[in-house]
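The two complexes that follow have subunit A in common; it is paired with subunit B in the first and with subunit C in the second.
Up next, the complex of A and B:
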C-alpha cells in the first residue's frame, strides 16, 4: 500500500473513526483502525462489534493495500503533524509515514484479522436533514434508562410515520419526545430502537454539519450514510445493531390535558431550581407550589442539617387552567434541570396534574418537543 | 449581625476565600467561612491552618456580629443569586439571606470556635508589582518536589536581594529560576521557602490584577496584602506558614557556560517533542541530537512495541559553541514540554553540555528566566 494524502483529510477522518476504537482487552485488534487504500481513497474503519464507522478520505493511491494500526497512536500522531502532504506506505505490517521533516513507523496488525463490518444490501432509504435530525436526537438521548433490566428502554426509539418521525427516550422517571416533520412523505413506515451510544455518535459526528443523511434499515441493523460533498460517493457510514424488543406504548403516559399550565421565564426558573437544589435532601427533592390566583410559583427546599430556601417566580396562567386551588408537587431537581436544559425557547410552559400526576415541560410556541417528569411520591 | 451588601461584592470575596476552606474531617469548622460584620465591611476569612485568606467587602452594617457558615453552600448559593442587594442577618447561629424574591437560611457554627488567623505585627514591608511577581511565580511553581523526603524542595524559594528577587523551584530533575528587578532598592534582604500551595493561590488570586502587593515577613510566616482600590485599607490578606530548612545552594547546578547553544523556533520544537513522545518508552525518553555543522537538531524516539519517530528541526548555532562534534542527549520528554511551556518568546535557546551534563532552556532576548533539565542517564 502507498498513498499520498493531505494531513487535513486524514486527520478529519481519524477524528471520526477514532471514537469507536476502544480499549478491548479480549480482542486487541479492535483498538486498531483499519486503513485501506483503493481507487482514489483512503478508507478508514473502526468497530466495537455493535457499532461500526467507515470514512473515505481522498488521496492519491500509488499502490492499493491495507493494514490495521493502533487508533490512539495514529490519531494523536497525525494530529500533531504540520498541515502538509503525508506519504503513507505499508511494508512488513508496519505503516511508514513521511511528512516534511518527520519520518515515522507504526507497527500494525494484519488487515485480514480485522472483523468485517456488515453492509445493508437494501437499496431503499429514508432521507433526513442532518441538522434537525441530530438536534432532535440530542434533545432526548440523555434520558434513556441506564441499566439492563429493561433493555428496550436503554435505547432511543425512532418511529417513522408518513410525514414525521418521533424520537423518544425514557427511563420511566421522565420521558422526552421530539417530532420532526418531513417536507415530502416517506415511502415506508418503520420503527426501531437505536442504542444510546449510536445516537450519541450520530450527534457528535453530524450535529455541526449541514446536508442529507440516508438511513438504510435491515431486520436488526441500521446504516446512516452521509455523501461526500457534490458526489454520490459516501463519505461517512455509521452502521449499528438495533436493540431487540418492543418499545412500550409510551403515548399513554403523556398527559392529554393539564390541571394548571403556567408560562415561566426559562432561565430564571432554571436558576431558582439550581438555588433550591443546594438545600435539597437525599432524594434531590424540591417542592414547587403553583398558585393560579397569584399567577406565580414558589420553589421550596429544606435540609435539616444545612438550612432552607424559598423563592417566588411570577408567570402567566393559561386560560384552560383550573384556577381554584394551589397545587404543590415534589420533584427530583435533577430531572427538572435536565428537562429545562433541552427547552430552547426563552419561555417554558410548565403543566402540573395534582400532587402525584406527571408534569410536562414544553417550549412556548413549539409543539414538537415535550418533556414529561414524574413527581417524587410523598407516601 | 445585620448587613446589606451587593451580590457582586459578596461573590467576589467568596470566590477568593472559598478556595482555602476544604474538606476537613477532623476539624469540621475549617469547611466553613468566617463572616464578620464590622465598621463598613463584611470580612470573610478562611484557613486550612497553614494558609489563611481574609477579604474585606464593602457593605452597609446595621448591626455588627459574626458567624461561620459552610463555604461550599454559601459560595454556590450566592453565585446563583441575581445581581441585586442581599440582606444578611444572623439569628440563633443561622444566617438569613434575603435577595429579591429569594429567602434562605443557612445553618452556621459559632464564630468563637473558628481558629484565629495569625497577624504579623512588623510594620516594615517589601512592595511588589503584583502582575510580574505572579507571572514569575507561575513560571516556576509547578517544579517543586512532590514528596516530603526533602521538605525544603517542596516549596518555592524566594531570595530578596537589594535590587532583585530570585524565584526558584526544583525537584532535582529540573530547576526553574525567574529574576525580577526592582525599580528602587529594597531596605531589607531576606529569603524564605514558600509552600507550593500558597504560591499557587497567589497566582490564582492576583495574576489578573494590577497594582501593588505588600509583603510582611516574620520568623516563620509571611503575609501578602493587597489594598482596596484608592484606600489604605486592605482588601485581601494572604498569610502563610513558611517551610523550615535551608534551601540548597542551587546556583552551582546552573551551567555557567555551554558546549553548544542552538536557537530554535519554540512552537515547532514543542510540537516535535510531543510527536516523539508518542513513541517514547517507559522512562519517557526521547533523544535529541544537536548537529552544530548542519545547524539542526534531530529528535528521535522508539518503542519496540509501537514503532519509532524521527524529525529534524533547523536552528541557529551560537558563535561560542563547540562546532566540531554532534552531541546526543536523552531527556524525559515531559520535562522538556514543561520547560518550553514556560518560555514566552517565539525563539528558545537550547544549550547542551555533553551526554550527561545539564541542558538549559532560555527565552531568546530575556536573561531573567532559565530552565535547567537533567538528562536521563544511559548507564
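Up next, the complex of A and C:
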C-alpha cells in the first residue's frame, strides 16, 4: 500500500474514527484502526462490534492495500505533524509515515483479522438535515435509562412519520421528546430504538457540520451517512445495531392538562434551583411552591445539618384550574437542572399537576420540545 | 446427537484452531437455530458475528460440522430476532425498581404495551379467604389451562374487592407460563370507545381484527356495556369468534349477568354459559390478613390492636383498608413514631365515620321532593296520585336503607301510614333496582343530593 494524503484530511478522519477504537476489551485488534487505500480514497474504519465508523478522504493512491495500526499511537502522532502532505506506505505489516522531515514506522496487525463492518443492502434512505437532527438528538440523549433491566429504555426512540420525526428518551423518572418537522414528506414511516452510545457519537461527530444526512435502515441495523463536499462519495458512515424490543406507549405519560402553568425566566429559575440544591438532603429534594394568586414560585430546600434556603421568583400565570390554591411539589433538583439545561428559550413554561403528578417543562413559543418529570413522593 | 450437542462438539473442536480472543468474541451466544435437509442455521447475536463467521470461519465450521454429521451440506447464519429471548425479562423487572428513594416513576411504563397488564397484580399477592375462595380457585384453574376449564369465566363482586386484581393475575400468570400466548386486558369502557372511534373512522373491521387472534381476552366491568347496543353487538361477534376457537374469555362485573339491565339476551346467556364466581365481602380475619400483607408490602408495621381496629371498622371495601393504612403510614413517617390506638382512632375518624351518618329523615324527604320537583308536604299528604306515590315509595326506601328506621316509624313519618305500606314500598323499590337501569341511576343521583 502506498498513498499520499494531506495531514489535515488524515487528522480529521482519525479524530472521528478514533472514538470507538479500544472500547471492546475482549478482542485486542479492536484497539486498532483499519487503514485501506482504494481507488482515490484513503478509508479509515474502527468498530467496537456494536457501532462501526468509516471515514473516507481523497488521496493519491500509488498502490492499493491495507493494514491495521494502534489507534492511540497513530492519532496522537498525526496530531503533532505539520500541516503538510503525508506519504503512507505499508511494508511487512509496518506503516511507514513520511512527512517533511519526519520518518516514522508504526507496527501494525494484518487487516485480514479486522472485523468486517456489516453493510445495509437496502437502497432506500431517509434524508435529514444534519444540524437540527443532531441538535434534537442532543436534547434528549441524556435521559435514557442507564441500566439494562429494560433494554428498550436504554436507547433513544426515533419515530419517523410522514412529515415529522419524534425523538424520545426516558428513564422512567423523566421523559424528553423532541419533534422535528420535515420540509418535504418522507416516503416511509418507521420507528426504531437507537443505542444511547450511537446517539452520542452522532451528536459528537455531526453537530458542528451542516448538510444532509442519509439514514438507511434494515431489520436490526441502521446506517447514517454523510457525503463529501467535493464528490458524492460518502465521507462518514456510522453503522450501529438497534436495540431490540418494543418501545412503550409513552404518549400516555405526557400529561394532557395541568393544574397550573407558570412562565418563568429560565436562567433565574435555573440559578435558584442550583442555589437551593446546596441545601438539599440526600434525595436531592427541593420543594417548589407555585402560588397562582401572587403569580410567583417559592423554591425551598432544607437540610437539618447544613441549614436551609428559600427564594422567590415571579413569573406569569397563563392558566390555573384553581386560582387561589397553592401547589407544593418536591423534585429531585438534578432532574430539573437537566431539563432546564436543554431548554433553549429565555422563558420556560412550568406546568404542575399536584403533589404526585408529573410536571412539564416547555420552552415558551416552541411546541416541539417537552420534558416531563416525576416528583418525589411527599412523606 | 441433538442440535445442542452438535454445536457443543463443534465449539469444542474449533477452539483449538483459533485464538482465545477470537473464540470468545465471535462464538459467544451462538447456537444452532434449526437443522433440516442437510442445512444448518446458526443463530448469532449480531451482524458483526454474522459477517465474520460467514467470511472467515465458514469453511472451518462447515468442515467440523460435516465431520460430526455427514448429512450436513450447508451452513447458514442468521441474526437473532427480537422476541426469541426477550420473554424472559419481565419477571426480573419488579424487584429492580424497588428502592428507598421515594422518587416517583412513570407508572405507565410498567404496564405491558400489548396486553395492558400491570405486573403488580399476581396470584401471590392475592389474599384468599372464604369470601373469594371460589373466584380465586376458578381463576387459578383458568390460568393453569386457559380456554379449556371454564370458558367464559365471569367474576362479579362489589367495588374494591379485587376483581381487577384477579383478572390481571390470570393474565400475568398465563404470560409467565406460556409467554407466546397473546393476552389482552381491557376495560369495557375502552372497548366501547374503540368501537366508537372505529365507527368514526370507518374501520370497524380493523378494530375487530385486533381481537381476532387473542388467546386470553379479559374485559373488566362489563356492566358498563349495558344500554350500548352497537358495542354489545360487536362484542357479541368478538366473543363468538374467540369462543369458537376455544380461546379463554374472562369477564368481570359488579353484579351477576342476570342483574345487568339492558343487556342483550344472547349476550347474557353466553355470559352465564361458563363459570360464574362471586366475590362477597371479606370477613374480619381476612381483612386483618389483608392489612398485614399490605403493611408488609409497604414495609411498615403497626401494633396488632390498631390493625384490628381498622379491620373491625372498615368492612366493605379493601381499597379503603389500604387508604386507612396509608394515613397511618404518613403519620408514622412524619412524626417518626408509631401511632397508638388513640391516635389511630383520631386519624381514621373521617375514613371510618363517613358522612353517611349525617343523613336524617328530613334531609331525605327534602332531597326526594326536590329531585321529583314536588313539595315536601305533597309526599307526606294523603294522596294516591301516581306521580306522588312512587317518589314516596322511594323516600321510604331511603329511610329504611340509609337510616335503618323501623317500618312503623317510616309509616308514621308519611302521614300515619301502616307499617305494611312501608314494607311493601321498600321491597318493591329494592327489587326494581336490580332490573331497572333508570331507577338505579335516579337512586344514586338522589343519594348524592342527600349526602351533599
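FYI, the second predicted complex is superposed on the first by the 371 of 379 C-alpha atoms of A that agree within 3 Å, B and C clash if a C-alpha of one lies under 4 Å from a C-alpha of the other, contacts with A are read in each partner's own complex, and residues count from 1 in each chain.
In the analysis below, a contact is a pair of C-beta atoms (placed from the backbone, for glycine too) under 8 Å apart; a residue touches a chain by one contact, two chains touch by 3 or more.
Keep in mind the model is a prediction, meaning the values are calculated, not measured.
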{"item": "Fit-or-clash call for subunit B and subunit C when the two complexes are aligned on subunit A", "value": "fit"}
{"item": "Which superposed partner A:241 touches (first subunit B, second subunit C, both, neither)", "value": "second"}
{"item": "Which of subunit B and subunit C A:376 touches, first, second, both or neither", "value": "second"}
{"item": "More subunit A residues in contact - subunit B or subunit C", "value": "C"}
{"item": "Which superposed partner A:172 touches (first subunit B, second subunit C, both, neither)", "value": "second"}
{"item": "Subunit B versus subunit C as contact partner of A:324, first or second or both or neither", "value": "neither"}
{"item": "Which superposed partner A:92 touches (first subunit B, second subunit C, both, neither)", "value": "neither"}
{"item": "Which of subunit B and subunit C A:187 touches, first, second, both or neither", "value": "neither"}
{"item": "Which of subunit B and subunit C A:101 touches, first, second, both or neither", "value": "first"}
{"item": "Nearest Cα pair across subunit B and subunit C, whole Å", "value": "19"}
{"item": "Subunit C to subunit A touching residues, read off their complex", "value": "21-22, 24-25, 46-48, 50-52, 55, 79-83, 86, 89, 92-93, 96-97, 101-106, 108-109, 111, 113-114, 330, 333-334"}
{"item": "Subunit A-touching residues of subunit B, taken from the complex the two chains share", "value": "70, 73, 76-77, 80-81, 94-95, 101-107, 271-272, 274-275, 278-279, 305-313"}
{"item": "Partner subunit C, residues of subunit A touching it in the complex", "value": "24, 26-28, 47, 49-50, 52, 115-118, 147, 149-151, 153, 170, 172-173, 175, 219-221, 241, 244-246, 248-250, 252-253, 283, 332, 356, 358, 372, 374-377, 379"}
